[in-house]
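Two complexes come next, and they have one chain in common, subunit A, joined by subunit B in the first and subunit C in the second.
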Partner chain A sequence: MDVLVDGFVQAVRLLLGGDPATWAITALTLRISLTATLIAALVGVPVGAAVALTAFRGRRVVLAAANTGMGMPPVVVGLFVTVLLWRSGPLGAFGLLYTPTAMIIAQAAIATPIVVALVATAVQQVDPDFMVQMQGLGAGRLRALAALLAEARLPLLAAAMAAFGAVVSEVGAAQMVGGNLAGQTRVLTTAAVLATSRGEFALAIAFGLILLVIAFAVNLVLTLAGQHRSVPAR
Partner chain B sequence: MTSRIGCQDLRVTVRGRELLHVDRLDVAPGAALAVLGPNGAGKSTLLRALARLGRYGVTGDVLLDGHPADPRELRRAVAAVLQRPILRRGTVRANAAAGLRLRGVGRAESARRSAPWLDALGVGHLGDRDARTLSGGEAQRVALARALAVSPRVLLLDEPFAGLDATTRTDLLADLRAVLDGLDTATVLVTHDRHEARALAAETALLVAGRIRQLGPTAHVLDHPADAACARLVGYSNVLPPAVTGRPGLLAARPETCRVSTDRYLVSGLAVRGTVRRIVPLGGGTRVDVDTPAGTLACLGPGGDGLEPGRAVVVTVAETDVRALETDDLAPATRGDPASVGRSG
Partner chain C sequence: MLSQLRSVLAVLALLLLAACGGPAAAPSAERSLILATTTSTQDSGLLDDLLPAFTADTGWQVKTVAVGSGQAIELGRRGEADVLLVHSPAAEQQFVAEGSAGRRLLVMHNDFVLLGPAADPAGIKGATAADAMKRIAEAGAVFVSRGDDSGTAAREKALWTQAGVTPGGAWYQETGQGMGATLRVAAEKSGYTLSDRATYLSQPDGLTLLSEGDPGLLNVYHVIEMTTKAGDRVQPEAAAAFADWITGPAAQQRIGEFGRAQYGQQLFVPDAGKPEPVP
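After this line comes the complex of A and B, so read on.
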């Protein structure tokens, strides 16, 4: 029990003391996970909306694949991205393995199916005639689609939160494609794993607390943004 | 006659099956046309094809001011109100302004222009309410205000009263009629309810199986159906073949004008013998179903005293209440072509 209490005390001291290495790891974690979430949103929102709104052969297969992707172990994604980026692999010439870019690629691959599946569900929950009604009021197709996405903004934000939560907390892919190189590709999760394995529990708990604070802060911002213009029901 | 909205050789085909084919239709500015049809007749399909909404395979021309119009021109001219009031998240006021906002009008200008329409439709006092908390009738009023706020040159109404209770519907019909009377808008109302057609539209088209079977002044169409399908649609549901009546041609009568008697008492008119099948007491009277060689005839009257299932009776109809029908069930629209709707009140 002492280990835990001491760990917390030291962790708080470490954080308040402004340890530069800790803050550098935190900043890198945010940069990688937010960029990966953004890429997943840019790819996943149009794909999810298209899957929900258009009828094509194999639509259910795409949805099932996206749903499967939601539960895909990050280690598997890490493995495939590693193979792709390996020096002798198809993308080896770019020399991306063990760089933050490789970690962004892996995390985007983890987050995109989550966004696709949740966006498709969110869009399907809006009235099927919503687009027709918006066009019937004078909106062009793009404007009607924008109105539809705005209507589904709460579940869309939930999709973004789920995607961010998945990538900021995963450790397998980050370890495999990033290599946990100090000052280069070390992020909070891989740093916490390393610290724990070395018995530096205070440091590990400090990383854990920062992860929790980040997750809470990002979700708080997105929740406030989502609730901003909606009127409370009476 | 000037035409605001219309179509020419309009066909809608889905997976190789033709759902709708309308040779010609014209509605003048300020006029209202009701398209009356049973479920699955293609009413909503026609409405959406006129606005080029949805993903149907549409061929032929939609005419705006007499000229073929592309979807972009139609988008600017048309406002549509669907059966379910599809409102967005937010206040009633924001919803009323949504049509204008979608057309690129600024926030303040949209609010200013849409507010009077909320008042005109009796929901001005609900401006600050969350649209999700409205009753069905209130929501449909907001949807109508939203459509009218864009000052549409063409207003398309897709059974907007279908989900409302009788009182709400009557009130809304009266309010909408009052609003439309002062406008230059051409209105097309799609409905399966002949009373709505009578309340809103000077002209009515009867749509059966994707074809317009009859078109003309509402009062005439509703009281002089062309064929058996039209007759059933406008309430002349008792269709009598020559074999039963002994007269040439099909005849039809409304249940309200058919009387059940244990003895023939009409001096003139039709009489058909049969046996009582069932007696159903309704709010304002009694419905008696009578099995006859022509099938089951429904009779709506003040009472079914002295009647019981199995009893031999005579169904009688006064001569003035009988309508003669065309026997060809697939007859084309009875009025001359092109079918057009003018502003006649």
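After this line comes the complex of A and C, so read on.
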């Protein structure tokens, strides 16, 4: 139990005491995971909406594939990305392995199926006549689509939060493609694993608590942004 | 509703900008080399001590991949690393004989130790390494193995062979994890295990040192340069810079002093330029 208390004390000290290494790790964690989430949203929202709104052969297969992708083990994604980025691999010329860019690629690959699957579900939930009605009111197709996405904004935000939660907390891919290099690719999860393997349990718990705090902060901001005019009546 | 969507996007973009502006937009584009090494050099904290000095002296940034010696050698074989720092002599000699590696130089040594519960149910205290292994197997006492093709696992296998035992059964448990994790499993299960001394000293909780000092427990680290024969993108000049530096007087002195302040004893003995030890 002492370890938990020590971990809590250490987390507060590292954050408030302004330990530069901890802040750098925290900032890098946010930078990588938010960028990956943004990429996943930019790819996943249009794809998810398109899958939900258009009829084509194999649509259910695509949906099933996206749903499967939601459960894809990060370590498998990490292995694929590693092999692609190896010096001897197809993208080896770019020298990306063990860089933050490689981690963003892997995390975006993890997050995109989550966004696609959840967005497709969210858009399918909206009244099927909505698009027709909007176009009947004189809205163009794109404008009608924007209105539809605004209508489904809460589930869309939930998709973004699920994607962010998945990537900020995963360790398998971050470790494999990032290499946990101090000052370069060390993020909160890999730092916690390293602290554990060194027997520094309080420090590992401190990193875990910091991770929880920043995940909460990001989710709070997104929740506030989504809810600020839709407070339920008391 | 549209404005809400816009505000959500704006907040996302702001978050992203804030995160990008952080101090972590660190340099990485300069000269950097990939070092494949063992978990023991990382878990003991030796690399944290050495690498900043190497970067300051030579300008090379180091990307460290800390894995078992077996995997480190495999990365070298594929040309995915420029230089290796490993401790699995038999596998190293075989690898160098394949011809894709450059120089292989002696860097340092410490030793393996046999650890177990204080009660020592198999009665190995003070026994020679091979004899201790035989007693553990005969007693059917829990032995926790790395089981991961690391230098430590390779040594453990050699000791079993020496003892004439084929380990297996419920008493023989493989973690497939690094040394730190394996030590904790052994402690929790009140089992025996083999560890390098440096990692044991950095986290000794729950285990007692029962057998040490046997010549069969010598743990020797070599640096191995890779060449472009392993892959087009290997940087032989980086490999040479690292090998020359770590066998040079400044690094050797650091290695000899590492751990003294924290553990009151030397964790690694610098060996550069000495004759190869005969195990």
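Definition applied: the second predicted complex is superposed on the first by the 231 of 234 C-alpha atoms of A that agree within 3 Å, B and C clash if a C-alpha of one lies under 4 Å from a C-alpha of the other, contacts with A are read in each partner's own complex, and residues count from 1 in each chain.
One rule holds for everything that comes next: a residue touches a chain if its C-beta (ideal position, glycine included) is under 8 Å from a C-beta of that chain, and two chains touch if they have at least 3 such contacts.
Since we're looking at a predicted model, the values are computed, not measured.
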Task: Three-chain arrangement built on subunit A, subunit B and subunit C clash or fit - done: fit
TODO: Using the touch definition from the top, say if A:A147 reaches subunit B (first), subunit C (second), both or neither.
DONE: both
- [ ] In degrees, to the nearest 10, note the angle that opens at the C-alpha centre of subunit A toward the centres of subunit B and subunit C.
- [x] 160
Open item on the list: Contacts for A:A139 in the overlay, against subunit B (first) and subunit C (second): which applies, first, second, both or neither?
Closed with: first
Open item on the list: Which partner chains sit in contact with A:A160 here, subunit B, subunit C, both or neither? Use first/second/both/neither.
Closed with: second
Open item on the list: Contacts for A:F130 in the overlay, against subunit B (first) and subunit C (second): which applies, first, second, both or neither?
Closed with: first
- [ ] Determine, under the contact definition given at the top, whether A:A24 touches first (subunit B), second (subunit C), both, or neither.
- [x] second
Task: Partner chain in contact with A:V218 - subunit B first, subunit C second, else both or neither - done: second
Open item on the list: Between subunit C and subunit B, which one touches more residues of subunit A when both complexes sit on the common chain A?
Closed with: C
Task: Smallest separation in angstrom, by C-alpha atoms, between subunit B and subunit C in the superposition - done: 8
Open item on the list: Let me check the overlay on chain A: which residues of subunit A are in contact with subunit B and also with subunit C?
Closed with: 147, 150-151, 229
Open item on the list: Going by the contact rule set out above, which residues of subunit A touch subunit B in the complex?
Closed with: 127, 129-130, 132-140, 143-144, 147, 150-151, 229-234
Task: In the complex, subunit A residues that touch subunit C - done: 20, 23-25, 27-28, 30-31, 34-35, 38, 41, 86-88, 92-93, 95, 97-100, 146-147, 149-151, 153, 157, 160, 179-184, 194, 196-199, 218, 221-222, 225-226, 228-229
Open item on the list: Please output the residues of subunit B touching subunit A within their complex, sorted ascending.
Closed with: 48, 51, 53-54, 72, 75-76, 78-82, 84, 86, 88-91, 98-99, 102-103, 129-130, 132-133, 146-147, 150, 156
Task: subunit C residues touching subunit A - in the complex, by the definition given at the top - done: 1-2, 4-5, 7-8, 11-12, 15-16, 18-20, 22-26, 28, 34, 39, 42-43, 45, 48, 61, 63-66, 78-80, 178, 180-181, 183-184, 202-203, 205, 231-234
